[in-house]
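As structure tokens, here come the structures.
You will see subunit A twice below: alongside subunit B first, and alongside subunit C after that.
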Partner chain A sequence: MRFTLALKNILKSKGRSLTTLLLSMFTTILFISYVALMDGSHHQIIKSSVEIYTGYAHVNLKGYRDESSYENLIEDAHSIDIILGDDASIKEYAPRFETYALLAGDEKSVGSMIVGIVPSAEKTLSKLPNSLIKGEYLNDNDTNAIYIGSELAERLKVDIGSQVAMVGSSIDYSIAADLFIVKGIFKTGLFDFDAQSAFVNKPYLDTVMMSENKATYFTLNFHDNDRIDQATAMLQNKLPSEYEAVNWKTLLTALVQAMLVDSLFGYISISIFFIVIFFVIMIFSYVNIYTRAREIGLLRALGLTSKDIFGMLFVEVLLLATLSMVVGTIIGASIAYHYELHPIVISGIAETYKEYGVVSDEIPMNFDLFTIAWNALTIFMLNLAAIIYPVAKINKLTAMEAMRYV
Partner chain B sequence: MYRHLAWLSLWRRKTRSLMVIMMIALSLSGLLGLQGLYDGMITHLINTTIRSDSGEISLYTKEYRLHKSLDYRLSPLSKFEKELSRIQELSSYSVRLQQEGLIATAHKSLGATIKGISLENEQNFGQLDAFITEGEYSFGKGNKGALIGSALAKKLHLTIGSRVIFTAQDVNAEINAISFRISGILKTGNPALDEHSVFVSMEKISAFLNLKESATQIALRIKDTERISEVQKELQILFPHTDVLRWDELYPLLIQMQEWMNIFNLASYAIVFIVAALGIFGVMLVSVLERMREFSIMLAIGTPYKTVRDQILLEASLLGVAGFIAGAFLGWILLFYMSTAGVDMRSFEAGLELYGYSAVMYANMHLYYFFQAFLAVFFATLLSIIWPLRILKKMKPIQVIQGKML
Partner chain C sequence: MKYLISLLFITFSLHANEAQSIIKKLEKNLRGDYMYATMKMIVTSKRGKRTVKIESWSKGNKKSFIKILYPKKDRGITFLKIDNQMWQYIPKIERTIKIPPSMMLQSWMGSDFTNDDIVKESSLVEDYRAKLLSKKGNSATLELIPNEDAAVVWGKIIITVDLKNAVPVKETYYDDMMKKVRVMTFSKVEQHGSHRVPMVMELKPLDANKKKNSTKIIFEKINYDAKIDPSYFTKHALKRYSR
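Let's turn to the complex of A and B:
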């Protein structure tokens, strides 16, 4: 009976019901799309940073992240290589030797990050080979060939075939100097990275830096990077106690925090919208209930308890909220799914926000069922919460008071 | 009379009116708080950039910003200083000479920029001394000390008294090195300075780079910020072969962020108050519908339609004004708190610093926020009564009195 009564009441005040329905639906769509866009852009920034160079996880000597100096190198890279090779959860891995040195062209010098890499391994571990824009990528037999960032090449005024001098210090702190020929130029879109980084075949750089069988860290990808916390913890158990396995959440703490703050402000902004929606639904429910005060009074006089009245009004809002949630979620989820596959393109945004780690003009949405579910449920609960006060207020009236209500 | 009627009608249904007032007040105070906070964040970025680097206007040689080479330097300095001393609109200026290179400790090296400055000039220019977080604002005896950006100091594990060696090419493309002791650590909030810069005395760097009477940048502070464009034109005439650039031309991202923020604020106001208008509409519609007989009698006894219309308008306006006053008051309290005590976000410090934001954020408070908010409430109120007035206009008073039409 409750259901029939509720349905009749909904249909009786079509205008108000439709407005409430549309408002809730619109809010559900807006919330799902807003969060999908916010999460999508954050995921893209983090994914770019992880996949372009950093990698999903590192193995390094404990203390290296606090003081990334030669004092904290992996002294026996071969032993770590064996451990990582035996771990079935690891998809691919490679050692890197990172150092800083002065790179000098004919006219200009710049302090840069020089990294010794295993060129063939980086093909799957990072986006370095794919970011080639000029010349050639390194190979495992290269000697004094250097692969440098596009911004760095511009700063040094060098091009393919140009000679670049490197002056740095080897791991025994003696001066390490060599001449390199620019073999390739890359552009990842990460502005700072392209402006400061250069890569050399590791076995050759090791001869210059006296770092044979040494590495600053190993970078690696797991088969299942979605369960990276568990995978990192399991790897940690296999490593000797002086080494640590850390994943991108720790490696990119500042970036993760920045995205968290951005999300926080995003939620605060949209919560103001929720306040208004909450009040509008409450006002509509209040008006709707009070225009039926006499009818409610009559029902009470006929023997219905305040619990029954609450049940009847609750079913009304439940029907409207459920319908708006279902339709809103389907539309919102479809939008999120569509724009995850076909991201929104804002021309020039990558150039404008390059210093903020934006590498592409494409802004994808993030289609995540769990997120969509809690977004939709939030609006659903908001709808239900909005009728508590109006229903409680009308239930305070006695049958006679309600029937006399003008 | 209609004023009195409007007032009485409004309080006939207290709960309904209070709901509308609360809806406007809460959403308005939230919007005011967010607007002030976002505005404060961007203003902080702009201020620290102007104070620590660009001034309101900066002078460079035409090619310097593209090549960052000492070949493109401002020289002789005396010529520039002579002309600048004649310009009344300038409050101060700072002459800087910078070169990129490699900074090294005994254990680690990083790419960095060395900047030659005059401590006294920088103090007058942007109170650089106020950014000191450790040590003192001094280059020590014989100018052998250096000030260093906080993030760079952290990466190199430098403390006061630590020795660093800076290696760079001089004007003749010879690679030279110079040693300094850290006398102070600066935290400006400008990531380019905090992460990459070392400040040394102008005399010391000039000797190191084999230069005399030279600078790479002259940054200017203007007394009246309303006259920046005029001063820019005047300077361009004085120095036709020099780039004379305003801060917003040097940092277009900041102005773009400010524009995005303004668009975001306007969009938020529009969305929130269109929905709020629906809430007011709900109340006004019911309020009109339940008094149709009352209005019909008024019209039948000769009350002009204009009087009835004004009564409805006044009722809605009173609701809007009451909501605005309550919202503006709450918003003012919120803004006052956030502009004096600040919002402590130190738990997200690393993320915020990554983009140059302060960990304790201070809101701005401007009169125009409240004016903008008033306009939004005003339009929402007007929008909400269009439909109820239309119903009233179409109503046939005699039929309504006879109960034939409602």
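Let's turn to the complex of A and C:
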């Protein structure tokens, strides 16, 4: 009987029902889209940081991440190469030799990170080759060629073909020095990285640094990077005990935590919006219920208890909230799905926010069914909670009071 | 009560004055107008032991010129320090390079000393307030707290002084969080002209990752009386005296 009465009431007051329906539906769409956009932009920042240079996982000597010095080098890179080559879960990998040295142009000298890389392997492991803006990327036979960040080139006042002197420390701590010719200039958009990094073909840098068969770490990609925690744990079991396999969640801890804090502030902002929405729905329900005070009084006079009245009104809201949740979720999820595949493009946003790691003008949404489900359920629960007070209030009136209510 | 407070104040002032005079005496003894020295630096780390032979010329604490004599690979590398700036010349690439401020905290020649240690010209008398912690016979322990306007990186230094020879015995360095970061010990005191000099200095970092590290400097020759040609303290000297 409650269901029939509720349904009749919904159909009888089409305007009122439609307004409630639309209000809840738009709130659901807005919430799903907001969270999808927030998560999407965070994923984009992390993905950029991982794919530009860091890579999905590293293998290094235990202690290297605390003290990135020559004391914690991989002394036999060949043995690690064999282990990684035999692991079917690894798609590609390459050793790197990272060190800090002084680079000097004709006028200025700047302390920067110099990395020995395997140029051909980095084509699939990082976005270094794709970030080329001038000159050429390195190849595996290069000797005195250096590939430097755009900001670093500007600080050193050098261009393609310029000579750059490098003075660092070889692994026996004697002075390592050489002259390089700038072969290519890259720009990833990560400001600090472009201002402090330079790359050299590893076999050649090894002759300067005396680091043959040594590496600071191996960078690698798994076939299934979505299940990276399991893949990293399995790789760890295959490595000798003095080595560790760590994935991007550990390598980029600071960034991951910054994104979590940003999400937290995002949820705090949206919760203020929820409080407003909650009161809007509640006031709307309050007005709705009180405009029906006479009708409710009549139903009470006909013998319906306050429990029946609560049940009837609750079923009404339940029906409307369910319908709005279903429609709102379908539309919200479709928006999230569409913009995940075809990200929103805001021209110039990467340039403006480059210090924050924004390297693309594209802002994708994140389509995640679990997130969408909890977003939709939150709005649904808010809808139900919003009628408790108005119904409780009207149920306090007697049948006569309700019928006389103006 | 007033008498007690005055007595305490006078005692404290006397201690502060005494501490300051010990430090002054120490600096006067260790510093000459000119100094020529040859030394051996032994750097020990997890990667092994390495010896570097060095020749140095200095004028006060503002100017110094350093030349690497050994190992062969580094022979002829020269460093020039004028005030708080530093240049180096590398014969292999025939380039003189100024060391930028961002590299000042990097290790110097793979040792536990930083470029900043080589460059800095801080004076224990001018940059620190000394307080006498204890005094027993010929040994005194002082606490040095940097003055507010001093450009120094340490939170404090605890120094044990051999009062008879006016030389330090041990210096413990604390960072600005008052955590012990390194200890320098001095030994084998010898008389050179009017100066008493500890001929061996050993620096040990206290970082957990550097338990096996140490840098020992053994002076082989020291001459405070030789007048040094001013041409050593010019940028041209880097290449000229590299050979």
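Quick note on the criterion: the second predicted complex is superposed on the first by the 354 of 406 C-alpha atoms of A that agree within 3 Å, B and C clash if a C-alpha of one lies under 4 Å from a C-alpha of the other, contacts with A are read in each partner's own complex, and residues count from 1 in each chain.
FYI, a contact is a pair of C-beta atoms (placed from the backbone, for glycine too) under 8 Å apart; a residue touches a chain by one contact, two chains touch by 3 or more.
Keep in mind it's a predicted model, so treat the numbers as computed, not measured.
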Query raised in the report: Looking at the overlay on subunit A, is there a clash between subunit B and subunit C, or do the two fit?
Result: clash
Query raised in the report: Is A:109 in contact with subunit B, with subunit C, with both, or with neither (first, second, both, neither)?
Result: both
Query raised in the report: Is A:71 in contact with subunit B, with subunit C, with both, or with neither (first, second, both, neither)?
Result: both
**Report entry** Contacts of A:3 with subunit B and subunit C, given as first, second, both or neither
**Finding:** neither
Query raised in the report: Which partner does A:291 contact after superposing on A: first (subunit B), second (subunit C), both, neither?
Result: first
Query raised in the report: Can A:63 be said to touch subunit B (first), subunit C (second), both, or neither?
Result: second
Query - Which partner, subunit B or subunit C, touches more subunit A residues - result: B
Query - First, second, both or neither for A:179, with subunit B first and subunit C second - result: second
Query raised in the report: Regarding the shared-chain residue A:171, is it in contact with subunit B (first), subunit C (second), both, or neither?
Result: second
Query raised in the report: Does the superposition put A:100 against subunit B (first), subunit C (second), both, or neither?
Result: both
Query raised in the report: After fitting the two complexes on their shared chain A, where does subunit C collide with subunit B, if the options are 115-123, 187-195, 205-213 or 223-231?
Result: 115-123
Query raised in the report: Overlap of the subunit B and subunit C footprints on subunit A, residue-wise?
Result: 67, 69-71, 100, 102, 104, 108-111, 167, 169, 173
Query raised in the report: Where on subunit A does subunit C make contact in their complex?
Result: 63, 66-67, 69-71, 100, 102, 104, 108-111, 165, 167, 169, 171-175, 177-179
**Report entry** Of all residues in subunit B, those that touch subunit A in their complex
**Finding:** 15-16, 19-20, 22-23, 26-27, 30-31, 34, 38, 67-69, 71, 100-104, 106-112, 157, 167-169, 173, 175, 252-253, 256, 264, 268, 271-272, 275-276, 278-279, 282-283, 286, 290, 345, 348-355
Requested in this report: Please name which positions on subunit A make contact with subunit B in the complex.
Outcome: 16, 19, 23, 67-71, 99-102, 104, 106-113, 155, 157, 167-169, 173, 196, 253-261, 265, 268-269, 271-273, 275-277, 279-280, 282-284, 286-287, 290-291, 352-353, 355-356, 393
Report summary line: Residue set of subunit C touching subunit A in the complex reads 43, 45-48, 50, 71, 73-74, 77, 88, 90, 92-93, 95, 97-100, 102-103, 106-107, 109-111, 207, 209-210
